[in-house]
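We call the chains A, B, C and D, going by the order they appear; numbering starts again at 1 in every chain.
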Amino acid sequence: MLNEASMCEKLAVACRILAMEGLVDEILGHVSVRVPDTDEMLIRCRGPYECGVAYTQSDAIQRVTFEGGGAKHGYHVPKELPIHSEIYKARPDVTCVVHAHPPEALICGIAELEFRPIFGSFNIPAMRLALEGIPVFGHSYLVTRPDLAKPFIDAMGDKDVCVMRGHGITVTGRSVEDAVVRALNFNTLAKVTLQVAQTGREARAISEEDIAELPDLGQTFNEEWVWRYYERKLKQLERN
Amino acid sequence: MLNEASMCEKLAVACRILAMEGLVDEILGHVSVRVPDTDEMLIRCRGPYECGVAYTQSDAIQRVTFEGGGAKHGYHVPKELPIHSEIYKARPDVTCVVHAHPPEALICGIAELEFRPIFGSFNIPAMRLALEGIPVFGHSYLVTRPDLAKPFIDAMGDKDVCVMRGHGITVTGRSVEDAVVRALNFNTLAKVTLQVAQTGREARAISEEDIAELPDLGQTFNEEWVWRYYERKLKQLERN
Amino acid sequence: MLNEASMCEKLAVACRILAMEGLVDEILGHVSVRVPDTDEMLIRCRGPYECGVAYTQSDAIQRVTFEGGGAKHGYHVPKELPIHSEIYKARPDVTCVVHAHPPEALICGIAELEFRPIFGSFNIPAMRLALEGIPVFGHSYLVTRPDLAKPFIDAMGDKDVCVMRGHGITVTGRSVEDAVVRALNFNTLAKVTLQVAQTGREARAISEEDIAELPDLGQTFNEEWVWRYYERKLKQLERN
Amino acid sequence: MLNEASMCEKLAVACRILAMEGLVDEILGHVSVRVPDTDEMLIRCRGPYECGVAYTQSDAIQRVTFEGGGAKHGYHVPKELPIHSEIYKARPDVTCVVHAHPPEALICGIAELEFRPIFGSFNIPAMRLALEGIPVFGHSYLVTRPDLAKPFIDAMGDKDVCVMRGHGITVTGRSVEDAVVRALNFNTLAKVTLQVAQTGREARAISEEDIAELPDLGQTFNEEWVWRYYERKLKQLERN
């Protein structure tokens, strides 16, 4: 793992990438990473100069306990901290948690569209997500307490993406890159699912035979390269 | 309240933010703020160098009476000044009025889509707007006279957002930030409502239970932070 | 009328505004203006350095006869010159002709959506266009000869906008600004019409009563202020 | 043919144009050109600094055999090299192969929308593509071996565009410009087809009579000018 300062920088970049790609807007959404072998995490907070997720700098990433203690004076942990801490408590395999509000996934959730493996090689990791099944958590309340997180954690199970109907998505990963790239892949699935639905047509899932021929690249194939692409795109955007 | 020059600057920024976000276009739309303890307002006018709401500078903000008198030579008050003055007369609680033409709200109005609380935590203030009900004014004429404003004021009642079918929206607030952020929140509701409708599916409203768990953040939660985000985004846009 | 060099500059700006707003793309589409008291026009041609309508400079504007003669060596008049010349011959009131390929109008034409006065104050000039009726020319061939122009001219009649199904639109005006702003207004009508249709709902036309209350905003409104807005927007785009 | 260095530069530009126009995203998609009179091609590979198709530089273009040998150390040929090599083997007329993942064509494929000549002069080369028929390959597996390429080659036949359902498109040409402009023209057809379908209406094909009047400009009319437009647009984008 990187040292803490580098990890804070990486989380800030993750926030800005998610904003650039439309998965978060205004001041809503947060990313965290577990501090190994502790009950603490680094998480995007709102500080005295808060001006939106798209402009997150590393000072906004604070090290806090699972209960939310320890942020520097003037920094507020997200109201929905329990999304992060309850996942870290329940799932030792999870290193990073992304909570975002992508409009297309929201609209799919509201319209109760199913996420199915309707494409293959177009985006194999997204297809794998659909194949494994995307749990949908039916409540749209703010997850501000552990008791409110509990049914959400149950609904998500051991999956890495959960749609929270009328709310947003939560995505987990083995690293920041892993979770962010998975969130982006799922967003692609949601966009395609929505547009197909808007034609009024039913889409067939791809065949078993095709699935058998698709290499199991995991859900975040080539994440290093993909991450580098978004870093580069962000740099170009921010140079303007 | 700020001094008048600062308030003019803030109104100009408000106009540019609304243009940046697509709520106004070309030369249509205006924002005003009541001058406390008077029958006057500061309002966006068209001056000799008029070149669109997106390029509003503070010189375009003129102090005028509720009847429209007092603008500097060469500055024209909006033809629809009565939208502003009649609201200020009827509702002492209102400090700021935004009149805008966002396409999605227009399309929802034309297609007679209902604005309902179809999401929760995705955008709680927008959900509250839907929950309280969005009055729709059925006429699309220009509100150029007090007698034409009357039925509009009646339709709007004590609400802070009114859709004017075939025309646009009028939004009120306790401050410029309050009204602008509410207009932006409503725009989010309209965009989601439209996209859900384009899937051909009926959306369920969220449950009473979820609503009970949603904190009442008002309709413009965190308006200071949200406003700062848009100021920052505007700065980036204008630096180009 | 401006001198010829200034008029060429204005036509080049018109081309770039139409490209910026998505009404023309790649190398297709052209604008012309009648040379008063002659059988000649200034028209956008393709020169040796042709690189798309979005990058039109005034050298591409050539003075040619209604038969297409007189362009400088290396400059090609549009294959569809007869759209321009036959309109100028048939309609002495027309000073400017815009031929463009806006996707939304195309899609409305293909889907046989009707253009109706479904909004009022949102965009009064666009509503007036719908109220007067938008003729649709049913053929999608290239108008390369006067005999092919004839039925198109007949279909257009004395109207200022004609949709050419499967092809594009032709818009006329009393000046360059008049024709370009009308094309933009019509484009707004087409976009709204398309989006309403994509909800699957029928839209009601606005009432006679509302129409009676809608003022005729006159020429300054569009030609001076709206044009200046697009000039300013273009300048900002091109500064990048 | 250009010398090899210039051809590599042109292929890199082709990749960036396809990314700019949304036909490829992230790190997926590739373009190749046959090396005349050999069993080799120049093809976009992933190198040690891979950061997305939008940022392709000429170093990423490697000269490799039809079996994939010969790339410089650290450069990986596409897993789907057989798409390119099997086409070059089967079709001596083909000089360039584009493999891309445009979302609209994908969505049309998933929704099983037909590509028909629903417009004429709007984009004549795209209309010709529809008229000649767009084969759809029904499998969405990765084409990683010659035996997997075989049924795809059979489905594509002697056509220059093939939709690979749930995957993307493959487009061939007599030159890089020819293939890229054809891919862009097909993308226009896909976008219009999708939007028409989203109105829920059936579109009529244009008439035989209109088709007869449409000059046969081929499928990539004015490719030199169109290519120059995209080069210019790319330059403007990259200057930012």
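We take it that contacts are C-beta pairs under 8 Å (C-beta built on N, C-alpha and C of every residue); 3 or more make two chains touch, one makes a residue touch a chain.
All figures in this text were calculated on a predicted structure; none of them were measured in a lab.
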Problem set entry | Set of chains adjacent to chain B and to chain D | A, C
Seminar exercise, completed: Per the C-alpha fit, the turn needed to bring chain C onto chain D (nearest 5 degrees) is 90
For this session: Specify, for the interface formed by the sequence copies chain A and chain B, whether it is same or different in terms of residue numbers shared by both sides, with half as the dividing line.
Result: different
For this session: Would you kindly say which chain has the C-alpha centre located farthest from the C-alpha centre of chain B?
Result: D
Seminar exercise, completed: Taking each chain's centre as the mean of its CA atoms, chain A sits from chain D at a distance in Å of 32
Exercise. Hey, what residues on chain C touch two or more of the other chains?
Worked result: 198, 200, 240
Seminar exercise, completed: chain D residues touching chain A in their complex are 26-28, 46, 50-52, 54-55, 80, 101, 103, 106-107, 110-113, 139-144, 148, 164, 166-168, 194, 197-198, 200, 240
Seminar exercise, completed: Note: in the complex, chain A contacts chain D through residues 118-124, 191-192, 195-196, 198-201, 203-204, 206-207, 209-210, 213-215, 222, 225-226, 228-229, 231-233, 236, 239-240
